[in-house]
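Labels A, B, C and D are assigned to the chains in the order they are written; within every chain, residues are numbered from 1.
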C-alpha cells in the first residue's frame, strides 16, 4: 500500500460518501469531442475519472470498449497525445490512467515504467489501473509510482481467493477496483451476488472499494453502494452514449449533455444507495 | 492352328492376291445405316469384313473407334441385335466378328464362349478377333471355334517375340492380324518400320498375314502389301467417314458412296502394292 | 496367375511381353528379395511413408457398441491413405526394372496422388490419367499431383470416371510399353498385379495381426474393411486368411440401391462382390457389375474411391470359398459413419472408410468381442462431397453446416 | 516462470487463480507424472497421433546440397502437423484437472483442428475462436473443426486474424475460467504455457535426437525449424539445447520486407525474433513487432500460421543468449521451397514449413555435414493459397497451373 497518506487525492475523493468513477476511452471518437465528454462527466458529478489510453490489444475489454479503442486509435491517439490531452483537460477531479502494461513499459527512451509514470505525474495523473498487470508483475510499476507519489489501483476479481488478496493489497493504493462479475467490461442489467461476496471478503482491507463491470443505471449504482461499495465505476454505459452520438452524427454538445445527465443519474444513484445503507434515525433534523 | 483346311472361307479370301479387310462398328450410327455401310464396303471390293460388336470398355481402341462404339451402344446395339444384323446383311464376303471377351463369355444361358460361337456360326460368321484375349486365355474359345468350324484370328504385336510367336500361332487360324505399330487403333500417316520387322518374323508361319493399325490410304495399303503383307486391315479411316456423315447429317446413301469409294482406293492400293512386289515380266500380255 | 476360377491375363497381345517381364520382376524382386528390393521397400515405406501405422483402441466406439474396437490407422500414412504402400512398391520396382516412366489411373485421386508422391520421391517421370468428371470433383488432389511434378491428363471419353481412366491408361501402356510401367492402383488387372498389389498392401495385416495380439493377447474375432477394387481389403485380410477363427468382412458401397437399372446401364451401387456376376474386365476374370449381355454398367457410390464396377479376383475367390463375407451399407449409412467417427473419435475418415463404420454401427453385435477395422484413409479430400451429400439428406448426427451452404469457399 | 528477462504472467487478476491452478497441475501431472498422466499422454499420442514420426533422409536434397539432409516428419502426425502434440497434451491435462470445457484460438486453423480432434477423442466440449478473415481463407479447416463436433466462433473485431482471436479467447476464458481450460496453441502466453507447450512438443527433438544418432552415429551439425509463435521450433530444439555443437536455426517469415510501416501500423513480415523489440503481449514479456509507442503492428506472411506479432519467450531468451540463431526468408523463397520439396521429395509441405526449405536452399553451405529439418506440417491446407501466390509471382520451379486459374473448384 502506498504511503501517500492523507495527501492522496484518490483517497480524498472517497472520503465524503460514495464516489462516482466514470471511464472513457481518451480520443474517442476524436480529441476535441473527447475533451468535452470528459469535462461533461466532471460537471455531472464525477469524483474520480478513469481515462483509458487505447492499446491495440485490449484483452480485458468487451465489445463496447474495444470499439471505442479502435475509434480512438484510428483518430490518432498515442501515449504522447494522451498526456497532452490530460494537460488540456479543464476538470477539478483526480484522474486515473487506465491502460495495458506494454504502453507503460515502452514509453520514453529507457525501457521500464519509470518514464511513463514520471510524465503522467507531471501532467496531473493521480494513479493507474493496469488490467493485464497482476500483483506478481507489478513490482517495477509500484516502485515508480512510489517515487512520483502516484497510486496503483489493483483489481480484485470474483475468483480472487483469500491467499491472493493479501499479495494484491500489498501492492495497491488509492482504491480497490472490485470486479463485479467474471468476464470482460460491458454494461449488463443486474448486479451479481458475487459483488456482495467480494465486498465481504475485502471488509478488513483499509482502502476504498469501488465496484465496476456491468453497472449502467442509477438504480444499479444504488444497489452496489447499498451493498457496501465505497464507489461505483462505470465505463461501457458511458462509452455507449459516445458511440451512439458518433454513429448518429449528433453534435458534440448534445452528446456531452447526455453524458452529463447520465453521470448525474449514476452519482445520485450512488448517493441514494448510501442513504439506504445508513438509515437516518427517524424524525431527526426535518 | 485350325483344321478347317481348304473349306475355310477366310483362307480362301486371301488365296487370290492381297486381301482388303475393312472394319466397321456394327450399329454405328444406327442399325439401318450400318447395314448400308457394310454393304458398301463389300461393293467397294472387301475380301473379308471385320464387324465390330461394341463393348462398353474398348481398351484396345483409339478415340475414333471408341466414339463409334459409344454411338452404336447408344443406338441400342447388343449381341442379339448384332446377330440379327449379320443375318440381315446382304454381302458375299466372309465376316469376322471383332469384340471383347466378356461379351463372348456372357452370351446365352451357360457361361463360357460356346453359345456365342454357336450362334455366330448359325448366322454365317467365319471367325473372331478378340483384342483382349491373348493365347494364354484363348483355350475355351479355340475349342468352341473348332467345334463349329470357325477361325480364331490372333493379333501379333511389334512387341511379340519369337518365344510368344509359337504359342500364338498354335491357337490361330484364318489369318494373322499383324499390328503395324504399338498403341491403339487409329489412322496415321506413315507405315512403321516395325511392320516390316513383324512380317519378317512371321515369314515361316503358314497363315495369311493381314496388317492393321494406322492404314488410311491406298498408297499406305500399297506400301504394306509391297512389304509382304497378304492383306490390309483398315478400320479408323472408314469409321471416320461414318462419323463425318453422322455429324454433318449427310444422307446414308452419300456416306455409303464415300465408303465404297474409299474401299475401292484401298483395295486398288493393295493390288498396286502387290504388283510392285511381283514385277510382271516386261512386255507380256499387253 | 489364378485365384480359383478368377484372375488371368486378359490383355492385348502387345502388352503380354511387358506382363511377362513384370511377372518375372515380381518373382525375383518382390518374392525373392533380389538385390535387396524388399529391404529397400520396407525402409522407404517406413521413413518416407510413416510405417508402422498405429493400431488404436477406439474408446468411445468400444463403449458404445460393447465390443473392443481397434482401428488400424492407415489414414496416417503419407498422403492420407493406404494407397502409398502399393504406389511406392511399384514405382520402386519400376526403377529396379530400369523403366523410365510411370503411368497411372486414378478415380478419387488417392492412387494418383500416392503415385505422384512416390514418383517424386524416386525421381521418376509420371503421368496420371483421370476422368474429367473426377477431376472436377477432386481438384485438390489434381493440384497435389501437379505440385508433385506429375502430368495429369484428363480423360474425356465416356462419363469421365475411373473406368474410362483405366481404359485410357491401358491405351497409353499399349503404346509406350517398352519403357513405361503402369502402376495399377488396386488388386485388379492382369496377373501379377492382383498378387503384387496385395503383397505390398499386406503390410497392413502383417502389422495389425502382431499389434492386436500384443494388445489383446489373441486374435480378433473379426476384421472389417471397405471394398472397392479391394486393395485395402486384401491388405487388411491377407495375414488373417489362414486364421480360420477370424471373420473377414468386406464392406461394399450399397449406394442408393442394390438393384441394377439395365435400361440405363446403371447400378446405383458398387457392390460387385455382393451382387456382381463373373466376367472379364480390365485384364482379369472376376465379379462385375454388368448387364445380361456383358456390358459393364456404371457403378455408383457417394465415395468415388469405391465407385468401380469390378473387384479384385482374389476377393471374388475368397467370397466364393466363404472365407470372406461380402456385406454392404448404403450412402446414408456411410455419411452417418463419417460423422460418427469424426465426432466420437476425432478422426475424419475418407468416405470409402466411412462405409466400414456404417457397417460397424448396423452390425456391431455380430462382430464378436474384438474387431479390427481398417481406417483406410482420411477424409480431407471428401470435405466438399460430405458437405454436399449431408445437405441433401436428413443426417441425424451431422453438425449444423449452414455456414457452409456455399461449399468450402 | 521466466526465461531470463522474458516470460511472466501478464494477465488479468480474474485469470490468475486459473493460472495458478494450471501451474500446479502442470507440475504435478506433466513434470511429476502424477496419476500416470505422462504415460497416458505418451500412449495416446502414439496410438491416436501416430508417434514416433520418422526421420527420413532426403535423398535428392542431400545430393543437391552436398549435405546430409534429414527430415523430421511431423507432417505425418494425425491432423497433418505437430500441433496435435500440444493439443492432445493440454486437452488430456484438462480432463485430469476436472475441467468441463475447452476453448482455443486459431489462425491458419491448424491448432484449432488439432484441438477439435483431441477434444473429440477425449469427449470434451470445445469452442474455437477464429478471425473472420482467417475463416474465409481456411474454410476446409473450419469444416474439419465443425465435423469433429467443435463450435467455431468467428471473431469480427480488428482485422479478424490470429491476434484478435487470441484476445477474444482470453475474454471467454476470463468469463468462464472456473470450468474452462484455454488450450493455447503455441509456446506463448503466461507461464506455465510456454514451458508446458514446449514440453509436449519436445517429443519432436527427443525422437529426432535419438533417430539421427542411430542413423549417422552422431549429433547433427544443425537443426532448422520455421518459427511463428515457436512451438514446432522449441519442440525441435529442446533436446539439442544442451548439445553445444549443434547449431539451432529458427527461420522466421521475412514476408515481403523486414521494415515496419509505422504510419500504417503494419510489419510486412512476422520476424519478431529477427527484428522485434521487447514488450508485453498476451500474457508474456517477449520480442514483439510493435511501433515506438508499444502498439502491436499487423504482421504479415504468405503463411498464415507464421503470421503473428509475438514469439515464445524462451526463444527470445535463447536468441539473446546466442544459443538460437534467428534467420528469415521472404515469401518468394518460401513459395519456391514449397514447390521444391513437393517436386523433389514427394512431400507437399505447409507454407510455414516451406520457409525452412527456403532457408536450406539459400544457406545450405552453412549448415554443416548433417542437418535436421523439421517438416512441421503438410501443405494440403495451403493448396489454394499456393495457387494464388504462385500465380502472383514469377516462380522458377512452379508447375504450369493454368488449369487452376479459377482456384480449386
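Keep in mind that, in the parts below, contacts are C-beta pairs under 8 Å (C-beta built on N, C-alpha and C of every residue); 3 or more make two chains touch, one makes a residue touch a chain.
Fair warning: this is a prediction, and the values are worked out from it, not measured in the lab.
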| remark: Contact partition of the other chains, subunit C left out, is A, D | B
| Averaged-CA centre spacing for the pair subunit B and subunit A, given as whole angstrom | 98
| task | Would you kindly tell me how far, in whole Å, the mean C-alpha position of subunit D lies from that of subunit B? | result | 66
| request: Please work out the Cα centroid separation of subunit C and subunit D, and write it as a whole number of Å. | output: 34
| request: Determine the centre-to-centre distance between subunit B and subunit C, using the mean Cα coordinates as centres, and give it in whole Å. | output: 38
| With chains as vertices joined when they touch, what's the shape: line, ring, star, complete or other? | line
| According to the definition of touch, which chains form touching pairs? | A-D, B-C, C-D
| remark: subunit B contacts subunit C in the complex at 55-63, 66-67, 70, 73, 78-80, 100-103, 105-107, 111, 131-137, 154-161, 164, 168, 179, 182-184
| field | Of subunit C, residues touching subunit D in the complex | value | 46-48, 50, 53-57, 59-60, 73, 75-78, 80, 116-123, 139-140, 142-144, 146-149, 339, 342-348, 380, 383-384, 386-387, 399-401, 403-404, 407-409
| said: Touching residues of subunit D toward subunit A in the complex: what are they? | reply: 8-18, 20, 157-158, 163, 166-167, 170-171, 174-178, 265, 278-283, 288, 290, 292-296
